[in-house]
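When the chains are written out, they are named A, B, C and D in that same order, and each has its own residue count from 1.
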Amino acid sequence: MGTKYGNLVETLVTIDLERPAWEQEGLHNRWHPEIPCYKKMKQNKAYKIECYDWTGGQVGNNDSADDIKYCDLTKIHYLSGPFEVEGAEKGDVLVVEIQDVQPLERQPWGYCGIFAKENGGGFLDKHYPKAAKAVFDFEGIHCSSRHIPGVRFAGLVHPGIIGTAPSHEILAEWTRRETELVESNPDADFVMANLPTEQNAYAGACGLELQSKLAQGGRTIPGRPENGGNCDIKNLSRGSKVYLPVNVDGAKLSVGDLHFSQGDGEISFCGAIEMSGSITLKCSVLKKGMFKLNMKSPMYLPGPVENHYGPGRYLTFEGFSVDEDGKQLCLDTTVAYRQTCLRVIEYLRRYGYNDYQIYLLLSCAPIQGHIAGIVDVPNSCTTIGLPMDIFEFDISPEKDVVKRDLGNCAFANDDLEKGFPLHGELPNFLLDNITK
Amino acid sequence: MGTKYGNLVETLVTIDLERPAWEQEGLHNRWHPEIPCYKKMKQNKAYKIECYDWTGGQVGNNDSADDIKYCDLTKIHYLSGPFEVEGAEKGDVLVVEIQDVQPLERQPWGYCGIFAKENGGGFLDKHYPKAAKAVFDFEGIHCSSRHIPGVRFAGLVHPGIIGTAPSHEILAEWTRRETELVESNPDADFVMANLPTEQNAYAGACGLELQSKLAQGGRTIPGRPENGGNCDIKNLSRGSKVYLPVNVDGAKLSVGDLHFSQGDGEISFCGAIEMSGSITLKCSVLKKGMFKLNMKSPMYLPGPVENHYGPGRYLTFEGFSVDEDGKQLCLDTTVAYRQTCLRVIEYLRRYGYNDYQIYLLLSCAPIQGHIAGIVDVPNSCTTIGLPMDIFEFDISPEKDVVKRDLGNCAFANDDLEKGFPLHGELPNFLLDNITK
Amino acid sequence: MGTKYGNLVETLVTIDLERPAWEQEGLHNRWHPEIPCYKKMKQNKAYKIECYDWTGGQVGNNDSADDIKYCDLTKIHYLSGPFEVEGAEKGDVLVVEIQDVQPLERQPWGYCGIFAKENGGGFLDKHYPKAAKAVFDFEGIHCSSRHIPGVRFAGLVHPGIIGTAPSHEILAEWTRRETELVESNPDADFVMANLPTEQNAYAGACGLELQSKLAQGGRTIPGRPENGGNCDIKNLSRGSKVYLPVNVDGAKLSVGDLHFSQGDGEISFCGAIEMSGSITLKCSVLKKGMFKLNMKSPMYLPGPVENHYGPGRYLTFEGFSVDEDGKQLCLDTTVAYRQTCLRVIEYLRRYGYNDYQIYLLLSCAPIQGHIAGIVDVPNSCTTIGLPMDIFEFDISPEKDVVKRDLGNCAFANDDLEKGFPLHGELPNFLLDNITK
Amino acid sequence: MGTKYGNLVETLVTIDLERPAWEQEGLHNRWHPEIPCYKKMKQNKAYKIECYDWTGGQVGNNDSADDIKYCDLTKIHYLSGPFEVEGAEKGDVLVVEIQDVQPLERQPWGYCGIFAKENGGGFLDKHYPKAAKAVFDFEGIHCSSRHIPGVRFAGLVHPGIIGTAPSHEILAEWTRRETELVESNPDADFVMANLPTEQNAYAGACGLELQSKLAQGGRTIPGRPENGGNCDIKNLSRGSKVYLPVNVDGAKLSVGDLHFSQGDGEISFCGAIEMSGSITLKCSVLKKGMFKLNMKSPMYLPGPVENHYGPGRYLTFEGFSVDEDGKQLCLDTTVAYRQTCLRVIEYLRRYGYNDYQIYLLLSCAPIQGHIAGIVDVPNSCTTIGLPMDIFEFDISPEKDVVKRDLGNCAFANDDLEKGFPLHGELPNFLLDNITK
């Protein structure tokens, strides 16, 4: 027998957009086994969880990238949770079904950002060192941006971060291997790993004792095989099911960093369309699942609903492991993927976008980033499929290019004052042919 | 007004399967601007071209991997061509529409091989150093293998190699950067790049003078941004259109290395289902296209026909840039993809396959290899989507595992005599539960 | 420059679930050009509109179909609107982009009903004359029902009704042709058309004069070429764009009858999963569009997001225009489609469902109903593709059938007391093999 | 152990294109249980079967529709077979996997025809009574026609006819019900059913006794529930599996009427792109399958490879059961689908096609014909989704129409001499605006 209003879904965390994340309950920004569970979940019962945008409110809906440029990375990511899942024990596998992900109706916008090279950087920071931002307005399932006009697409909404708590042993291993990386590269000109720090570590209303332990907590920036975390998988969207290792009793599930849309790779680091939103999920437990599934890393089943462009509607670019200085790398897929990104930028630049706009777009539009060939020494080959239908004009190669006035993304004020190159070289026939 | 039989397609190259490739006209195995064009193509006219399997007939339909183990890599790849495209000039872009790709009706089988670590190796050669082979029989659009039973799938048939001739300048640049790579890694324990060699260089009935020049010809193993070549893109299949730089007048198009099916990455090097077959294609030219498209690397549009499994039918595995010894790499996507491969092997091993069988399967089945996150230092995250419908039994995580007798792939005889480990550790509950 | 909370979407109609539809503003249940516009819409601006379930609250979340059996059809459908679209004039085409459709968070359930033969009936009412009901609970994008266990699927949420007001001339033409139909079939044993009636005609707080005119208003049950209306097109879902004729100045758009999911045909009349919900939409106007597009009937572009099962996952049934008594009809596609429905019922019956459960399921699950052949006299051939992935057990033909305890749908109490056949004949091997 | 050339597929029937079908072995054009099996098939073994075009060579590659106008329908369809399937007994279900379907390499063209109203007619023969033809050239997976320029698409190649032999009882039932239909409609102005006739009945080199029995054989024009036959299902393509009733021992499978492409409905009767070609198939038997599957009509599983346009790339038209004279029909889906066809014709006519060209195109292009709503009395609603990507110009509603010179299809010479209307009314702005 039903009830008049049906099975209303219980909300476990509600965000107050008027206050920053670091003043609110049910949020935390480190991985640590001792962060107390904020609430309990029954198995096979749906819950709704609101999540703050990953920065906890540091970035605004405006036309300057100052907030991106000076964003404090020790404060991120603010995750909702942790939640104790009834019946989950160490060694089990937690099955989380993502039933829905939505932007908050009371804040229908998000943003995609390029972090400055000296503050986090991104996949192309050598080429594009300055901070930039594009604000996206949501209209139902679609989004568009005043900072990257001419483009509009449906979001494949998903959580950037979903993970379970690490055990103490796992936490120690993370610190060991990441510290080793940093220490063995003393001359790196960028931050290779964000090591534990007490600065701005936050775990709600935890007591003093825990606060000091949080200094050892794992940073939330990388995804890791032991607990999932910040995997930024665009297809882990509505209806998908993710299988996570349970490292401590109760699983201690945390979730956050919701994305309205993202391309494979989340190229510009803050490359997804970051938003505050809500996720509805339901957990169950596969007893002794880590053993039975031979699990060393999470896996998932995509949901039955997906953006759909048709294979013939992806203009696809190829990149190889030869860098922009002509240096031959051996099967370096990261270099190949960076080159593929640059090929797209060079191509789209002709329509009137500046490179930073495209870099942002590459990060948040539902591009398909495939590893095409990874064995033909010395070249890796990667491809990026760009859905042509997201553009309001025809970008097919046979079509004549008309350079348009396509505005600009947001930059930091001091960068604009000093000036910097907005894009690489362009064929002359286009420079002579600006339509505005 | 038509003719009774319509516009029959002209065949430019016909392969004689009774003779090895190195005795036949219209084949060559190096990239060099001076290889004379074998035949001419008109624009916008379809031609059919038969292609030998990449080894030129070195590998047979049998149950031993001796032929793989001792395959002579200086002999590969035998490409059909080159073809002069009427009207193509240096600086243009050659548009090749792939109208069809088929196995030869007179040889309806192909193979997928793992090369021994000391002879080419593959993406997982540290883990799986021995040679192995699986022969696939073709039944219409499907294929299956006596060496990997329980699996059957439709091929996404495509050419592994399609490319134009390099100019002399490009050829010199290839040699420069690849030699630099080899020379700056004197201690590498594998072949980082296959440098030019006269040994077994072949260009049909070319005269003596050319033969000595072929010694400088580019090897066909890697794909390269300047001319495409061995890109091994599984989606460059029937109906797709590829845009290639024209580096010399006439374009000098070559094609070969046809694959019945391949997964993203062609993981085991000879990982696609290699076959002799025919390709039907049609060329046109975009005048000054390299300039107009800002082209530094090929691109393509996939065709309208594709294997189709539905997003919810891909069981998807995640891998990170932490290697199997716990070493943390910084955004090393190659390591992340290798770890993802290992996760699939560990998972499928439970059903009764040995690791080499899965390694082969990973290479040739239409897996989806995505770059998921590439900016969250220090971890790259890659995913492999494994289509569950290619298995004759249910591999979903919730389903109990029954270990089956799933036979074996082919190995080299001397390897079998000496013995070597066939797979990594397996949960005990499975070892106790072998059903054969 | 943005605002902190972005462009909040204005809500034009809010439903009070505590009160029936016939006491609320902004709702009406007849098509008539003189119903005053409830609110105005600007072009290219998004609005959110809440819609009552089609019956205006007559059906409850319970285990009896009494409410379906005695549902008062003179009261349906309660539509939200009409809305005046700024700038729309007679002869234009109204372009409505459906930006989102959602169930109400405060009522996460819906229902699918079979109407009794004497009260509306349905496509199979000769075979299944009794009233029945299945209540579905919504969990994010998925739904499931305690009345049809073993099935779960993602909804392709859409409005059953979207249309513009008719002109007086169109209204007269509707009455003429539908009256002619009824009068020329005096012996029909079912209601062939619902003619205008004043009974329960409702248009909000309209005055007395209008109330008497409403007696001439068009009933909302059929879709019609002149204004769209109740087309029940399952793919007119999120992200799609519908092109509607504008028959009166201002267009007077109305929308309602939201469906969480429906199969092609909405087979059981109340066959979709009916719900109260909200729709977000945005209008624009194509001036003189009816002339320019040669429009005599609406058309639409489906959205980019769709449920996705993969063609190979549809078990597809065929039906022909030979009825169940062996009578040959000539190209009667309606009979062919009815036979196809019966084929699915006979097939699924073997698993333990009774026929009424399957009839409900056929109506609301995302089946694909295609016209396969319509010219080979005397037989039409239609197909129904049943997505196999919506079942929790394997329904493929090769798999052995195990009859399960799959519960029951809701029926009317007086029907249950008198008793009636629940399903047609079943193979004996199944009758002997009930597992409960 | 394999063989050098692998498992070559045995060819059971080879067509001689130099001779008409009615002089060749292995072909027949009636359904009858006593037609002797031409060859035997083992279970689970692949065979290749060549099939003549459905008319057996009556139609040519030329620019006149005389051959269509005077095509002798008593001669069709020429099927290949019948084949005895080893082990199949009455009551079993024959599972036929369609492994491949291809045009003949030696005849790479096909045609789509409109039959004259007095000779077979078609779905719109009241509107378009004259014969017409379009010849299509095949280029790999694509086809295009000099008679309908501006369109190009990939074929979803399939057999129009696949079926088993009827038993004597079934044959008698066919004759009974189809005769009853004809006799109870003495005033029909078209042929409602093609009853048995000895004229041109053909069953290869059968003796005199059988020839007289063939006079009672079932005509091949309609598909029928008891044996499948001419179902014209466009998705019964490569990789699909069809389940057919076995009515006589050995099954006696026949196949033919191969189509390069067809839209849902095969609207113009000879509406698919008819071709001579080959089909590769493999049979197995489900013992007592008719009983176990409760089978009264065939069913099938589509293959994993399908043309792919993306839901958002289908411009979709709606039609209702109100005919072109304003007459209201009650749930007449056939009328609704005919109206939907007319809507597409009116729309595409604006670009410069004449109506007969579009009628042909509607029949052969991969349109999606759905039954949208079939229960809202009195209107059925059907939709046709037209893939926009098959046109070489942009047909979206927002785009300005430029009328083009799009040539003409083939007509019969005597029709051209007398003259007849080529299309319905067109908006004046287009008539003034012819670009040629």
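Side notes on the structure shown:
As a working rule, a residue touches a chain if its C-beta (ideal position, glycine included) is under 8 Å from a C-beta of that chain, and two chains touch if they have at least 3 such contacts.
All figures in this text were calculated on a predicted structure; none of them were measured in a lab.
Of all chains, the one whose Cα centroid sits at the greatest distance from that of subunit D is A. For chain pairs B-C and C-D, the one joined by more C-beta pairs in contact is C-D. In this assembly, the C-alpha centroid of subunit B lies 50 Å from the C-alpha centroid of subunit C.
Computed centre separation for the pair subunit A/subunit C is 39 angstrom, with centres defined by C-alpha atoms. Averaged C-alpha coordinates give centres for subunit C and subunit D that are 32 Å from one another. Within subunit C, residues 239, 303-304, 306, 308-312, 389 each touch two or more of the remaining chains.
Per the touch definition, subunit C reaches subunit A in the complex via residues 1-9, 17, 46, 60-63, 98-100, 105-109, 135, 137-142, 153-154, 238-239, 280, 282, 303-309, 389.
For subunit A in complex with subunit D, the residues that touch the partner chain are 308-313, 389, 394.
Listed in rising order, the residues of subunit C touching subunit D in the complex are 93, 95, 122-123, 173, 176-178, 180-181, 185, 188, 190-194, 221-225, 228, 230-235, 239-240, 243, 264-269, 271, 286, 289, 291-294, 296-304, 306, 310-312, 314-320, 322, 326-334, 337, 339-340, 342-343, 346-347, 349-350, 368-383, 385, 396-398, 401, 426-427, 429.
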